[in-house]
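Below are two complexes that have chain A in common, paired first with chain B and then with chain C.
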Partner chain A sequence: MSKASLSKLGDAAFERTDKVSAELLALTYGSFVRQLLIDYEDAEEVNAQLAKMGYNIGVRLVDDFLAKSNAPPCASFADTADIVAKVAFKMFLGVPALVGSWSSDRRTFSLVFTDNPLAEFTELPEKWGGVWYSNVLCGVIKGALEMVQMEVDARFVRCTLRGEDLNEIRVTLLQVLQEKPPVDDE
Partner chain B sequence: VPPVPSAVPDGNALPPPPLLSPADAAAAAAETRRRLEGVGYDVGHRLVERYAVEKERMDSDLEAVKFVCRDFWEGVFKKHVDVLRTNHKGLYVLTDNKFRWLGRVWADEDSEEGGAGAVGADGAEVGGAIGGRGKPEDYVVFPCGLICGALTRLGVRCRVTAEIAGGAQCKFSVQVIGG
Partner chain C sequence: MAVYCFYLFDRAGRLLCYREWSRARRTHAGEDDAKSMFGLLFALRNFCSKLSPSPLGGSPKYYITETYALHHHETPTGLRFLLLTSPDFGGADISRDLRDLYADAYVPYVVKNPLSVRGEVIRVPAFLGRLDSYVRNLSCF
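Take a look at the complex of A and B:
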């Protein structure tokens, strides 16, 4: 499927999705991050907690995605990258991402986006310079892809809150998981 | 569409909750609710400023409550409160017959509170989202904080509790503090 038609698919899925006020989302996410900073007092630990929250969201969100997005099956990891960027990002976040910076072994790519609805009103105090504010997204990607048999590592490498001009998440395919029947399957 | 695996792969998925005595577990749950309500309060406090920025000053508690029932509810829940009642002694009851945030939540009869629950085993059911974790009551803690934060910012010091009355109907009781 061409990238243009994937974009259309993303737009259509976004139109169908129930919306929540962007202000509410941004303020709520910000308040949760702030509470985590108070509770854990450590940037690394907060990053890990955000990723964990995201993972738990991702393993469930993928059902919604498969049910409603009409996304075509992925024949390759490159297809997966395009679908995450063009369809999933648009559907759930309202903004598409760009895919780029493929590694030579084609197992690592970057998701790049400038507008970040999570960080709408946010400034990162210097004290918390080590926080990847939107790290929940990495967890969501990891959780969702694991449900479709791809174990990945996802991590922020650039963030506009750190003064850079765009956001970049590096996604690496670690392994393709073997499907296992459920334990008590008849 | 790729097949949906029917079990969460081993490893870093949802560890079982730590074993606590019932009293400790209740205390931990209360603390979690308090924090969650605090986050809601914080959001309500800031959000209402954005909604009320062009409004005239609200002189009475009732005006502030009405503002929350209409404008604030519209912004957050995309509808108005269905019924507002008051005893004229500082108690306001806001009834939303179809509270948006309970639309996909239902009581999980099979699991005890805090039970590990099977996650991912419920296939494509979106409503399975709570997957045996938490009860419907847990889902109104944040909104209670939200409403309390909004009203407090509008000058109404209050305590907010919620009662779920079947389906997605929810009654929020606002008790004004002091006078």
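Take a look at the complex of A and C:
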């Protein structure tokens, strides 16, 4: 499917999705991250908690995505990348992402986006420079793709809150999971 | 025309939901029945995919015998929705109805239900109610 029609699919899926106010989302997420910072007092630990939370969201969200998006089946990891960027990002965050910086073995790509609805009103104090504020997104990507048999690693490499002009998530395909035949216990 | 029973399996072969309407005869007792059903599907699906000329798809929609028909819908997340009906179901594509059941009942009432745990038997009354009314509204019921 061409990229233009994927974008249309993303727009249509976004129209069908239940909406919440962007302010409500950004402020709730912000206070949530703040509470994690108070509870864990360690940037790495907070990143891990956000990723774990995202993972648990992702494993459920993928069914909602499949039921509502009408996305075509993926023949390759490149298709998967386009669908995550053009359809899933648009459907759930309201902003599409760009796919780029493919590695030479075609197993790693970058999702790049400038507007981040999670971080709309956020400033990251210097003390918390090690926090990937929107790390929940990495967890969601990991959880969702794992449910469709792709084990991936997803991590932020650039974030506008750290003074860079873009948000960038690197996604690496670790392995395609194989279905196990049912156990014969007779 | 009749609908006999419904199965929902997850990828690991756990039976998440079983319902029956007018199943006259059982071949196996309880758990064995579900196990052989999943085993049959696993083999059938893999074989059908191997025959497919395209690397995508090839998943069976239904098969039919003199005495019953088995309708099948598999989601990319590995859920398998199955419905056993009588063979005279009228040729309608019931796997599409099973897809609708996934989108309109399973996703809102099970996936979005914080109390339902993944991989456990579904006890959500809203889902079971929707399932029942879905099946009763099928033209072949």
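Please note the rule applied: the second predicted complex is superposed on the first by the 179 of 186 C-alpha atoms of A that agree within 3 Å, B and C clash if a C-alpha of one lies under 4 Å from a C-alpha of the other, contacts with A are read in each partner's own complex, and residues count from 1 in each chain.
Here is the rule we go by: a residue touches a chain if its C-beta (ideal position, glycine included) is under 8 Å from a C-beta of that chain, and two chains touch if they have at least 3 such contacts.
Everything numeric here is computed off the predicted structure, so don't read it as measured data.
Asker: Please name the chain, chain B or chain C, that touches the greater number of residues in chain A.
Answerer: Larger number of chain A residues touched: B.
Asker: Give one of first, second, both or neither to describe whether A:112 is in contact with chain B, with chain C, with both, or with none.
Answerer: Neither chain B nor chain C is touched by A:112.
Asker: Counting only touches as set out at the top, which of chain B and chain C does A:75 meet: first, second, both, neither?
Answerer: After superposing on A, A:75 lies in contact with chain C but is clear of chain B.
Asker: Who does A:179 touch here: chain B (first), chain C (second), both, or neither?
Answerer: After superposing on A, A:179 lies in contact with both chain B and chain C.
Asker: Is A:53 contacted by the first partner chain B, the second partner chain C, both or neither?
Answerer: After superposition on chain A, A:53 lies in contact with neither partner.
Asker: Examine A:148 and indicate which partner it touches, taking first as chain B and second as chain C; both and neither are also allowed.
Answerer: A:148 contacts both chain B and chain C.
Asker: Answer with first, second, both or neither: which of chain B and chain C does A:64 touch in the superposed model?
Answerer: Both partners, chain B and chain C.
Asker: Which parts of chain A are touched by chain B and by chain C alike?
Answerer: Touching chain B and chain C on chain A: residues 59-60, 62-64, 66-67, 73, 147-149, 179-182.
Asker: Mind pulling up the chain A residues that touch chain C in the complex?
Answerer: 59-60, 62-64, 66-68, 73, 75, 147-149, 179-182
Asker: Spell out the part of chain B that touches chain A in their complex, as residue ranges.
Answerer: 1-9, 12-14, 35, 38-40, 42-43, 46-47, 50, 75-76, 119-121, 123-126, 128-129, 131
Asker: Can you name the residues of chain C that touch chain A in the complex?
Answerer: The contact residues of chain C facing chain A are 11-13, 35, 38-39, 42, 55-57, 75-79, 102-103, 106-107, 111-112, 118.
Asker: Which bits of chain A are touching chain B when the two form their complex?
Answerer: Touch list, chain A to chain B: 21, 23-24, 27-28, 31-32, 34-35, 39, 52, 55-56, 59-60, 62-64, 66-67, 71, 73-74, 146-149, 151, 177, 179-183, 185.
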